[in-house]
Each structure stands twice: as C-alpha cells, then as structure tokens.
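In what comes next, subunit A is part of two complexes: it sits with subunit B in the first one and with subunit C in the second one.
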Partner chain A sequence: MDARKADRIATAVFWAIGIIALGILAFIVIEIFARGLITAVKPSFFAGKPQALKEGGGVGPMVVSTIYLVVLTMLISFPISVGAAIYLAEFAREGRFTRFIRFCLDSLGTVPSIVFAIFGMTLFLFYLNWRTCLLAGAITMALLNLPVFLRSAEEALRQVPLTYREASMSLGADRWTTVKKIVLPTAMPGIITGTILPLGRIMGESAVVIFTVGVFVRAIPLSPFDPAAPLAGYIWYVQSEAVVPDYRTIVNGGAAILLILLFLINFGTRRLSAYYSKKKSLGG
Partner chain B sequence: MAREKYIKMLLMACASLSFLAILLIFLFIFQESLPAITRIGIPNLFSAAWNPDKGQYGMLAFLIGTLLSTLGGLLIGAPLGIGTAVFLDQVAPSRMANVIRRGVELLAGIPSVVIGWFGLIILVPFIARITGSAGYGIAAASVVLAVMVLPTITALGAETLRSLPPELKEASVAMGATRWQTIRKVLLPAGKEGILVAVVLGMGRAIGETMAVQMVVGNSSQLTLNPFQPTGTLTSNLVTNMGEAVGNFRAALFAQALVLLILSMILIVSIRFITRKKEA
Partner chain C sequence: MHENGYKFELEEMDLYYGDFKVLEDVNLEIKKCCITSIIGPSGCGKSSALRCLNRMNDLVDGARIEGSVVLDGEDIYDRNYSVVGLRKRVGMVFQKPNPFPKTIYDNVAFGPRLYGIRDRETLDGIVEESLKSAALFEEVKDKLRTSALALSGGQQQRLCIARVLAVQPEVILLDEPCSALDPIATQRIEDLLSDLKTRYTIVIVTHNMQQAARLSDYTAFFMIEEQGDPGKIVEYGDTNTIFTKPTDERTERYITGRFG
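Right after this comes the complex of A and B.
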C-alpha cells in the first residue's frame, strides 16, 4: 500500500477514535440529564427528606452530607498536601529520602479505594471505637487524595521561576518568608486548578463513604462526628437495596445532581484560579 | 534560624505522612488477615471453593474475575485511550483537541456509581438481548472498566507524547515521512515507556475499581471463563460482604484486600522497572 493512502486511512481512524471517546462522554452526560434532570431540580427532591420504605423521598440530607464531606476533607487535605508539596519542591534536597517518599506516594496512589475504605473502617470503627461519621471519612479521603493533590501542587510550585526566589532571598528574606510571600501566592492559581480532580473524587467516592461515613440518614448532619450519607454512597445503597419503589427515580435524580455539582466544581475552581491570577498581576 | 527549622520539620512531617499511611494500611490489613492465613491456610484461601456458610473461603473465582475483567477493560480501553492521546496531540485541530482534553477531564470526574448505574440499566439489558444470557458478567464489567481507564490512559499518554522533543517529529517529516509513518515509526517508539506506564496505571485503576464493577458483574461466586456468566471480582466481593462478615469470614475478606494491595504494589514496582530501564 502506498504511504499516502495509508496516511489518509490512519487519519480517518484517529478521527473516528477521537469521536468515539467524545461520544462516550456525550452519551453519558446526555443520558444522565435526560433521565434525571427533571427530578434533580425539584425542591422536594434535592432539599426533601428521604424515605426509607415509601416512595417520594428526597435527598436533602445527602446533598448536605456530600458538601460537608468535601469541605471537611479539603480542610484536612489542603494544608497537608500543599505542605508536603512545599517540602518536596522548596526544602528537600533530592536524595534517598525524597526518592523513598515518592515511592510511598506512588504506592499510595495505586491502592484501590476499597482498600482505603476497609483501612478506614478498621482504624476508626474497630480500633478507635468511633461510629461511622463524617470525620472518619474525611481523614480516610484526605489520605486517598494525598498523592494526586500533592503532585499537582508540586508542579504548580515548580513552575514559579527560580529568579523570583533569588530576587527575594537577595533582599535578605529567608527561605520560608520567600515561600510564604513570593512562591505560594504565585503558584496559587495552579494549586487551585489542581483541586479539581481531588474535589471530584471526594464528591464521587462511594466505597470509602459506605464503610466509614454511612449510607442513610434522616436528619441533616451537624457535627463532624455525626453519621452522614453522601449522595454517591446513598445512590449505591438505594439501588442495591431496591426497597423504595421509586429507587430508579432517586438514582437518576441523584446522578444528575452529582453531575451538576461536578460542573460547579470545574467552573468554580477555574473562576477562583482566574481571580487569584488577576489579583496577583494587580500587585494585591 | 530556629523558626525555619521548625517549619521545615513540620513540612517534612506532612511529606512523611505518605510513608506512615502506606505502612499503617499494610499493617492493619495484614494483621486482620492473619487469622485467615493461620486458621484457613494459604492453599485453602486460593482454592476454587467459596462457601462461607460451610467454612470454605477460596478466592480463586474472584481473583480470576478481577484478572479477566481488567484484561477485558484494557483490551478495549488501551487502544482507545492511546488512539485518543495520539489524536489530540498529533491529528486534531487545536480547538477539537481542547474539547477532547476538557471532555476527558470531565469523564474522569464522573462518579463510578453513575457509570455503574448506566452499565446496569443500559449495558446489561443490551448484552442480555444479544446473547440470551442474564447480561451480567465479565463482558459487562470489561466495557464499564474500559470507560473508566480511558481518561487515565488518554491523559498520561498525551502527556508523554507532548514531552517528546519536537526535533524527532521535525526530522521525520523533513525526511518526507507522512504523519502516520511519523507516528508509527518515530513517536510511538520514542514514547513507548511513557505509554506503557499509562497502561499499567490504567490497569491499577481497573483492578481497584469497585462500585461500577459490583453493579454489573452479577456478584456470584462461580468460577467461570464465560464472559456472559455472572461472577465476582475481589473488589465486588469485598463491598458486597464486608458489612456483615465476622470471624473467619471477615479475616478471609481481609486476606482478599491484602491480595489487592499486593497486586497494586506489583504494578508500582513494574513501573519503577520500566522507567529505570529507560534511564539506564
């Protein structure tokens, strides 16, 4: 076969593959909204009380649980992941220790979420005798997110030009002051965009939630030690028990809410990131 | 300065948390599965007989289920993911490439329960109709996993291609090679290691994926090579049974979690091996 013909065929095949990949996503998004959007936007659903046996239940406490869990996990995860990233990017000298830490991070990154879930259950429920609660889930999820979050934060820090640090230190600032006043603010937009993936994972994670946080609540959780039922775990629970007659409606509506939350996360973090870059360029 | 020293120590502690976490995970899972290893015995744990009511805890059916569904997911997902990566790096116009990049990011964020749910209400009935089976099984799990490994393989594959030196492509094109010849003979061979790492990480995702698989695999404990028969995987068995299990049953489940943990460590070590060979 002559090379030009082969090239044309290959180009067509790559276009087809790209369109298939996009088609899969479009199919899923359209199906989610077509099946669940009408349910999802009803106040009696997204803010309503859940039903254990009858139909017509809402997912109000579950939506609150999801948001609560995301915020709580980020409160733990953000300082630890960014702190570790600062250490690796700014303080540590490349050597045996950093290589070892990176190996641990890579390993942690491939541990299946169900293993994290079982670990969290063993630690908090069996050893510390807690009941299922938001805090147990948040700590487990912070560990699960550490490798991904750290990597994106470290990349953002490394993109800050070396000359910024040199300029700051030549004026007499020590390393930490340089990091705090110069490097971190410059890297902030990148660090914030790096939260998209972890935020999405916390929101959509169900295995950890099922074993450490809980799958059903009637009341809105208030304290971090309260049991809760984040939406992703609740959806799984509802379809797996199939007790309520309208469980299909609940799962479809819940899936649509999760997708809306995912869009909000994407949009919100990008806006926040843009706000920080603008603030920086104005010298604020 | 003293302050800087304390801060450095604090930051170092954050980084060391990764070591502490992986150590604790190993210790806890190992300790909880120890009763299974001593009382049930390793040969019995890997046997084909699974019947917790009769005290039989062989995980072979689940292990095979995990391996087959992972293989199936990669057979579909890896070519699609690598192809998409090549498409967006080399073939697609930049606007199209951006749409795909954003789209793949979004796909990575779609919760696995949601993908599993669509597997359950669309894919399973579809397979049931064309094969006359119940629709549950390795085939359904493989398709669901292909969708889930696609973002991982595409993102890492595209990153590998982007980081290749531009001279490679320029030299090839200057010699009169077509785009396809350049991709096949120059770019893919040059990015071989990175693409392999992408596939191995996708594999890790497939082995560990729990909820989506649990919803479509059928959750039976029968050992089968037929992709259209209900079976189970290590992860699906864990999530289905862990809630109620006690005693030896629970210990046997922890032993399965330990096997999952060891499988993921093998992947990490093989990635180290792949990347080290390249550096040498």
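Right after this comes the complex of A and C.
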C-alpha cells in the first residue's frame, strides 16, 4: 500500500470518527431538547417551586443550587489548584518529592466519584456532624476536580515561554514577581479554558451531590451551610423515586435545563478566556 | 573607589553545570564604555560566559562558579551581593526578541515599575526617553498602547533594548541580538549600539565576524579543544589586532574560515 493511499484511508477514518462523534452529540442534544425544551423554558418550571407529591412542580431552587454549587466549588478549587500548579511548575525542583506528588495526583484522578462521595459523607456528616449542605459538596467536589484542574493549570503555566521568565528576571524581578506579573497573566486564558472540563463535571456529578448536598429542597438555599438539591442529583431522585405523577416531564425538563446551563457556562468561560487574552496582549 | 577603566574583571573563572565543566580559566577585563564582542564556534560557552555577568546562570539547576567575577571592584558572586541590584545595573538582550505579551508602553515601563516608580508623568518620561534612545520612538509613538507582539522582529529587538535602557543600567549584555533579524534591521541595531557605547558598557556575543569587526573595540575568542572539554579563551585583545594579526593560529583559522 503506497503512502498516498494510506493517507487517504487515514483521512477517511478520521473524518468518520469526527462525524460519528458529532452525530452522537447532535443526537443527545436533539433528543434532550425534543423531550424537555418546552418544559424547560416555562418560567413556572425553571423558576417555580418544586412539589413533593403533586404534579406541576418546578425546579427553581435546583437551578439555583446547581449554580451555587458550581460557584462555591470554583471559589475553593481555583486558588488551591492554581496555587499548587504554580508551585509545581515554577518553584518545585523536579525530584522525588514532586514525583511523589504527581503519583498521588494521578492516583486521585482515577478514583471514582462515588468514593469521593463516601469520603465527603464520612468526613462532613459523620465525623464533623454537619447536615448535608452546599459547602460539604463543594469541598468534596473540589477534591474530585483537583487532579484534572491542577494538571491543566500546570500545563497552561508551562506553555508560557521560558524567554518571558528570563526577560523578567534579567530586569531584576524575583521569581514570585515574575509569576505574578508575567507568567500568570500570560497563562490565564489557558487556565480559564482548563476550567471548562471541571465545570462540566461539577454540574453533571450526581454521586457527590446525593451523598453530601441533598436531593430535594423546597426553598432556595442561601447559606453555604444550607442543604440544597443541584439538578443532577434532583433528576436522579425524581426518576428513581417517581413519587410525583409528572416525574417524566420533570426529568426531561431538568435535563434540558442542565444542558442549557452547560452551554452557558461553556460560552461564558470562553468569553472570559478571550477577554484575558486580549487584556494580556494589551497589557494591564 | 575602584578606577582602572575596567567595568568587569573575571579572574580564573570556571563554570560548571552540575558535573560538566562548561568554562575553564576565563580571564577577561571588560573596559568601560566600550563594546566587547565574544566570538567562537557553537557550543563553546559564549552564552554561558555572558550569563555569568548578570548571574542568569543562577537559574540553571546545578550551575556553580569558581574564581571571581568583579564588577566595579566588588565580587558579584559574594554572599552578600544583591542579585536584584546586579541585574538592575547589568541588563540583558536575548537572541530571540522576547517582548512581554503586553503593550509597548507596559514593556518599557515594566522595569521602572519593578523599582517602585508609579507616578504617571515620570513613567511617561522614562518610556519616551528609553524608546528614543533605542531609536524606536518615531516608529511607535502613536501606538504605545497597542500590543508589542504586533511589531516587526527588528522593532521588537529595539523594544527589548529600550526595556533594558529604562532601568538605567550601566552594562548591556547582548546574546546574538541580530541573529533573527534581516540585514537592514541588523544595521539599525549596530548603529544604535555604536551610539549607546558612549554611555554604556556593552558586551555582545555574535556569530557574525563582520559584525564583531565593525562594531567592537575588543574581542574575545572562545573555543573548545575536543567535544566534552570546557570552553576557554584562546585570545583576547583589541579587535583590530585580533582580526588583522592574531597571535594564535586557531584564531586566525576561525576568523578566516568565517570570512570564507
């Protein structure tokens, strides 16, 4: 088989894989929207109060719970992950210790979320005697996301050319100033893009939510110590308990809202990343 | 006060990267307000030697120096010597232009801000002055607030020189500053360096023999004997002498080889 033929076959295969991936994605989106979009866009649904027994309940508190959990997790996760990434990429000398840290992180990354969920439940509910709440979920979720997020942040930092660091240090800046003024702003768009995966994971994660945050609330949660019911957990709950007569409608509508939230967050993250790219090249 | 006309004095300096001896027995006196060029085949340690002068080698894991490097009478590798203070006095321009991904203004203002200058008018003045000294002001005066990455390679390199000038150094080290530039941009940098040498001590590493001959007052020729040996100075002296009647035949071979 000559090279050109091989090339053509490879091209065809890659196209096929791409089209299949796109097809599956399109199928999921269309399927979910076809079943749930009409419900999802009704204010009485997306902003309405849930019903425990009767039909016609909304998911207002659940939408708020989802966003609240995402924000809270990010507030915890971002400084820790980026801080650790800065340490690993900029300050740590490669050696036994960093290899050990990486080994731990990689191991942590392969742990299934249900194990994190059980860990979170044991720590917060049994050991610290908290009730299920947003903060317990957010901390557990931050741990769950730490390996992936840290890796992507470290990668973004390592993408910053060495020559920038050299230029800064040769002007008399110390390591920390160089990180603060040059490396971090340059890596920021990449770091932000790297939050997309963790963000999606937080929104879709149900095990941690079920074990540590809660699956049903009547009122919008206010404090981080309030119980809440993010959509992923609520959908699971409604589907599996099936107490309310219109549980199918709620599951479909909830799934559609979850998908819309995912799109919005994805879009917002990209905009933020683009904003930082622009800001970076224009200084500031 | 130390007054013998020398800015830098290197005495029996050895440089190691871990177990690897990169430079051996370097003795070099660099005269004030002159251009000194460092030439030699690839890998002989020219960049490493230059980086000893502002302690950029400190960034290399396992880098270690023996002997002494004296700036204005003080050993810069002394325990109590301030590296930040040293780098303020000894600026560096790199082989590939490396402006920060910031505006032209912020690039030049980076150093002064580092040293605590916040006042708007003072900064404006420094930026303008530095860009003028680097012969770049006229070209960029209307776009100081645009990205430095949009400049041409030659402009970027002059911006890097302006960035160094903005901290008012005494010495400027340049590591093959023109190797990524076309002949016209190169010419502009050379003219600029000739202008600057009245006020600054300049040390330049170059692969371009004509450039060393045209530009510099003194020339140091570095070489390694065999693969794995440390680099050494073969000959050092007046540029004219080195290029017209070198005493060492290896210098002659290198120079004439390069002239073709």
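Observations on the structure shown:
Keep this in mind: the second predicted complex is superposed on the first by the 266 of 284 C-alpha atoms of A that agree within 3 Å, B and C clash if a C-alpha of one lies under 4 Å from a C-alpha of the other, contacts with A are read in each partner's own complex, and residues count from 1 in each chain.
Here is the rule we go by: a residue touches a chain if its C-beta (ideal position, glycine included) is under 8 Å from a C-beta of that chain, and two chains touch if they have at least 3 such contacts.
Remember, it's a predicted structure, so these values are computed and weren't measured experimentally.
In the superposed pair of complexes, A:174 makes contact with subunit B and with subunit C alike.
Which of subunit B and subunit C touches more residues of subunit A: that partner is B. Once the two complexes are overlaid on the shared chain, A:71 sits clear of subunit B and of subunit C alike. When the shared chain is aligned, no partner comes close enough to touch A:219: not subunit B, not subunit C. In the superposition on chain A, contact is made by A:163 with subunit C only, not with subunit B. Shared-chain residue A:34: touches no atom of subunit B or subunit C. In the superposition on chain A, contact of A:52 is made with neither subunit B nor subunit C.
In the overlay built on the shared chain, the residue A:206 is in contact with subunit B alone; subunit C does not reach it.
Touch criterion not met for A:264: it reaches neither subunit B nor subunit C. Subunit A residues 174 lie at the interface with subunit B in one structure and with subunit C in the other. Those residues of subunit B lying in contact with subunit A across their complex are 1, 3-4, 7-8, 10-12, 14-19, 21-22, 24-25, 28-29, 32, 79-80, 83-84, 86-88, 90-92, 96, 99-100, 103-118, 120-122, 147, 150, 154, 177-181, 183-184, 201, 204, 207-211, 215, 235, 238-239, 242-243, 254, 257, 260-261, 264-265, 267-268, 271-272. Subunit C makes touch with subunit A in their complex at residues 54, 56, 59, 61, 84-85, 87-88, 91-92, 94, 96, 98-103, 105-107, 110-111, 114-115, 145-147, 149, 160, 163-164, 167. Considering their complex, residues 93, 161, 163-164, 166-174, 177, 181-182, 186, 280-284 of subunit A touch subunit C. Residue ranges of subunit A in contact with subunit B, taken from their complex: 3-4, 6-7, 9-11, 13-15, 17-18, 20-22, 24-26, 28-29, 31-32, 79-81, 83-84, 86-88, 91-92, 100-101, 103-108, 110-116, 118-119, 121-123, 143, 146-147, 150, 174-176, 196-197, 200-201, 203-207, 210-211, 232-233, 235-236, 239-240, 248, 251, 255, 258-259, 262, 265-266.
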